[in-house]
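Chain lettering (A, B, C, D and E) follows the sequence in which the chains are written, and residue indices restart at 1 in each chain.
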Amino acid sequence: GNTDKQASGGSAKKYKFGTDATWAPQEYMENGKIVGFDVDFLEAVMKEAKLDYELSNVEWNSFLAEVQEGKKLDGGISSVTINDERIKSYDFSIPYFESTNMIITKQDGIKTALDLKDKKIGVQNATTGQTVIEDLFGKELKGLNKYENITMAFMELDNGGIDAVVADNMIVNEYLKNNPNKQYKALYDKTNFASEFYGILLPKGSELKAKLDPAVKAVLENGKYAEIYKKWYGSEPDVKVLLDKK
Amino acid sequence: MDIRWDIIETYAPFFLQGTLLTIGICLASIFFGTILGLGIGLGRMSKHKIIRTPFTVYVDIIRGTPLLVLIMIVHFGISTPVFGISNGIFSAILSLSLNSAAYCAEIFRAGVQSIDRGQMEAARSLGLSHYKAMRFVILPQAIKRMIPPFVNEFIVLIKDSSLASIVAAKELMYWAKAAQGQYLRVWESYLTIAIIYLILTLTLSKVLNRLERKYRTE
Amino acid sequence: MIRMTNLKKSYGETEVIKGVSLHVHHKEVVVIIGPSGSGKSTLLRCMNLLESYNEGEIEIEGVRLTDKQTDINLVRREVGMVFQRFNLFPHLSVLRNITLAPMQVRKLDETAAKTKAYELLEKVGLSEKADVYPPSLSGGQAQRVAIARALAMQPKIMLFDEPTASLDPEMVGEVITVMKQLAHEGMTMVVVTHEIGFAREVADRVIFIDGGYIVEEGKPKEIFDNPKHERTKSFLSKVL
Amino acid sequence: MDIRWDIIETYAPFFLQGTLLTIGICLASIFFGTILGLGIGLGRMSKHKIIRTPFTVYVDIIRGTPLLVLIMIVHFGISTPVFGISNGIFSAILSLSLNSAAYCAEIFRAGVQSIDRGQMEAARSLGLSHYKAMRFVILPQAIKRMIPPFVNEFIVLIKDSSLASIVAAKELMYWAKAAQGQYLRVWESYLTIAIIYLILTLTLSKVLNRLERKYRTE
Amino acid sequence: MIRMTNLKKSYGETEVIKGVSLHVHHKEVVVIIGPSGSGKSTLLRCMNLLESYNEGEIEIEGVRLTDKQTDINLVRREVGMVFQRFNLFPHLSVLRNITLAPMQVRKLDETAAKTKAYELLEKVGLSEKADVYPPSLSGGQAQRVAIARALAMQPKIMLFDEPTASLDPEMVGEVITVMKQLAHEGMTMVVVTHEIGFAREVADRVIFIDGGYIVEEGKPKEIFDNPKHERTKSFLSKVL
């Protein structure tokens, strides 16, 4: 995809969307093409809304600046969690994805999230992994290390520099899939880790919100969503949680 | 360390593409950066403080600003508002040129000031204007001495060009990050591009060293 | 013709030229002598505006140097200068050293400039060195090229600042010969030098300068054989 | 551009913390980088090719490798395996020192070689050993000339230290990214740290310029 | 005592010293003259191993310079050298210039080194300049300090390479005076110089060198007043 072309007058507007495609399997580059759950989902939504669009790969810093500015990008989809702080600066679509965090570790002593208190924990900066840990133990937790990308956190775990990594379940599973011979255990802790919900990121006051929300709802309800989810994660999604969330 | 060679293989064509773009961005930035640097260097050498000051401030500010931030400011604050272009490659070349110009200006100034004062005096005493004395007498001699620091600067520039990936210019680092995102593995892509950067910088210094030696024997 | 009136020049706090008046007439050869640091070079450099001065006035061929409307490059064309340290342009051949200024300043075409250059090289005895680069010249040769380069602008006045001081003794002679020839051809010259032989033979006037003042001036015979001032005597006793 | 000042306010204590760590990392890296650079520079000036070559190779490789990659190699390949330390700050200081050493070595070599040959000859002819001639005669003179390029190098080092955030060293850039992650806003944090970097680099050059002037008048 | 046998020295392809044998006896003063580029400096520098040589041998006070077990720094202590361009250490005071080597090489304590240094400064007439830095000395003063610095190591032999060539004429005398005094005190000296007056007065032997060979040698009277070789005659005619 390419964001360069200005939408020319006359024909219907072509909306420009961005994603930071470094987060397999949600969005990533495969042989030079942007693929992933978010990519297929966006396609379904835009089809439903009957909107023309193009999707390009944008580095995270630019992704944020461009969506916020609303000129180079009209919107973005990049596993962005909805929260109160962010709503001050952006509009979000209704939630389209429930993410649960997992703990991945080698240590037997770690059974629940509460066992992480005095441990060294790795998360990716600006992900839900970071948020759940900060919600649990407070922002100033000494042992919390925010990595620029999740791969670095996994490598640090390998290295023994940290005791555990907290990340989205899909990412953890993808990592285990890519590194089958490593002796890690992955734990859910639904009591201490609240679920997080992703939304499509839009500039504040975007006209798109009104067009996208019904389309997202329709895709969730008409079974298209479950189809995409199964393609990428091999299991059934809990659509009801999403529809109830609002 | 276990290396998954298939990742490198799959990504080889993209790394090739990225290498070509990296080279293109660097050549353009070297070109514009050098020209702009010459102008700024001349400005910094002015006898008049009023002329000198803005150039000095430019050099200080650019040298003091992390390139990452400069690229973002250029991309969002200059490329589109001023030039109406929102292409990442354009922003990358523009910011690398602006950044490099500050360093080139200093190299240029040091080179000119290293030429014996007697050369300028002899030229002026023959009736040549300051401009002509610079052009025919000082610069041809100074350029030789500037080659080593310029090589240094260009090597830094090649490495700095990897930051262009933040404005989505599809150069080497862009593809390295893409491969990392796909496989959640670091070494395959980063070591590959490290070697490519090394080849690029070594080639550059070899070429320019030869140039320098040629100049010297002339 | 040079007319210098009550010239004063300071570097920062220290006054180096403390009021010098000097008229050099058409076709006159003036030799300036004096101890190191006495201001000889500074005086010469002021005549070419390589240094600005603080007070007084210099007139070259009737043009006042500090007049606002004076184009200093126009004046400099008329005044050739030869430095102690040659200052040849090392990246240009001997020929290009000589033709550069005539072509760029006097706008001579290349053929004319080259013809003139060969003529001058002949005159200083270096015809065969035209295509050589300055670093491979001996000191004496380099200084003769520097003289040829200055002459190529066809100046009305030539200034020499210790032209033989950084030469091997063997080579002093070659340069002095060229300068004598110039003097005999009627060039107006101001020469700072310690070559007393040269001064005796060709100078119309010798000026002894010390501490920023002219201490004594006169015909070479008077100055060298019968100096009036104590300071002149003691200086000459060391040099001769 | 609208700026949310409350973000800067909230993060002010973290930026302060980050600034202090940045300064610490830079001072330590300057210290070790300079010392290591002196050694490498001496090695590069050896008369014997066998001694010279490894140092030359070191300089070429380090200068040709993007710092980002160097930091990762150091962090994952050296810090833990060799030193048993997996602290990001340690890795940052180690990689910045190794990187800076290559550039310092070149500055050092150029400085020493700029001293008139006669100085070394006079010292040797008095019976001083090569080492003593270096220590008492050459180095004290060369250091003055090295100050401007060293200032340049240290400025680059300060800016480069922002890459330490990739190994989670909690310096300025780390907190800028944290703020950006929390609010999904870019300018508040990046412009703030850009100004802090500018203040740091300007302070450094002012201090060292004063030092240079003091040396010169001595 | 210096014994040089059939010395040869090349820079790359070009042979500069083509077979020179020379014995300098205890307390002898030898003056070397010759045109520029003839190899005078190279010869002197070989005696101090500032240049290596390709063939032949040099023995200084009975020690062969190229013997593997010879410590060149030990030999250099015995040989003082004075250069044309002074090469004083500009960052050290005059006093420190003189005391550096005795303290670092001969391991003298500071008081002893300073006492010796003041003595030598007295000798070269510069007692009051002890705390001054070299850049503020005149050429003649700098060269006298350089001589004092070399003497501070109490060398058995002194080598001088055109010690007065870059001095203003006024200052040549000061340096020559110091050198004459040294000669009269019985120092073994090898001096490259064009100061014929000095050579006539103090040299035991004058050597004329050209193109890498010794062309002629003898007592000053013989060489200057009655040179045998054509080349010597023509050289002297230019210099005298």
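Operating definition for what follows: contacts are C-beta pairs under 8 Å (C-beta built on N, C-alpha and C of every residue); 3 or more make two chains touch, one makes a residue touch a chain.
Each chain and its UniProt protein: B, D = Amino acid ABC transporter permease; C, E = Amino acid ABC transporter ATP-binding protein.
Predicted model only: the values in this text are computed from it and were never measured.
Between the contact lists of chain B and chain D, the overlap consists of A. Using the contact threshold fixed earlier, the set of chains in contact with both chain A and chain C is B. Taking each chain's centre as the average of its CA atoms, chain B and chain C sit 46 Å apart.
A separation of 51 Å divides the Cα centre of chain B from that of chain E.
Per-chain CA centroids place chain A at a distance of 82 Å from chain E.
Centre-to-centre, using mean CA coordinates, chain C is 35 Å away from chain E. Annotation for chain C: no residues touch two or more other chains. Along chain D, residues 72, 186, 190 each make contact with two or more other chains. Counting partner chains per residue, chain A shows two or more touched chains at residues 61, 65, 152, 155. Under the contact rule defined at the top, the touching pairs of chains are A-B, A-D, B-C, B-D, C-E, D-E. Against chain D, the residues of chain B that register as touching in their complex are 1, 60-61, 63-69, 72, 103, 106, 110, 148, 152, 155-156, 159, 162, 173, 186, 190-191, 193-194, 197-198, 200-202, 205.
Contacts from chain A toward chain D in the complex involve residues 61, 64-65, 68, 80, 85-86, 88-90, 122, 125-127, 130, 145-148, 152, 155-156, 159-162, 201. Residue ranges on chain E touching chain C, taken from their complex, read 35-36, 138-139, 165-166, 168-171, 173, 194, 235, 238-239.
Interface of chain B with chain A (complex): residues 10, 13-14, 68, 72, 75-76, 80, 86-88, 165-168, 177-186. Taken in their complex, chain E has these residues touching chain D: 48, 50, 73-74, 76-77, 79-81, 83, 85, 87-91, 100-101, 104-105, 146, 149-150, 153.
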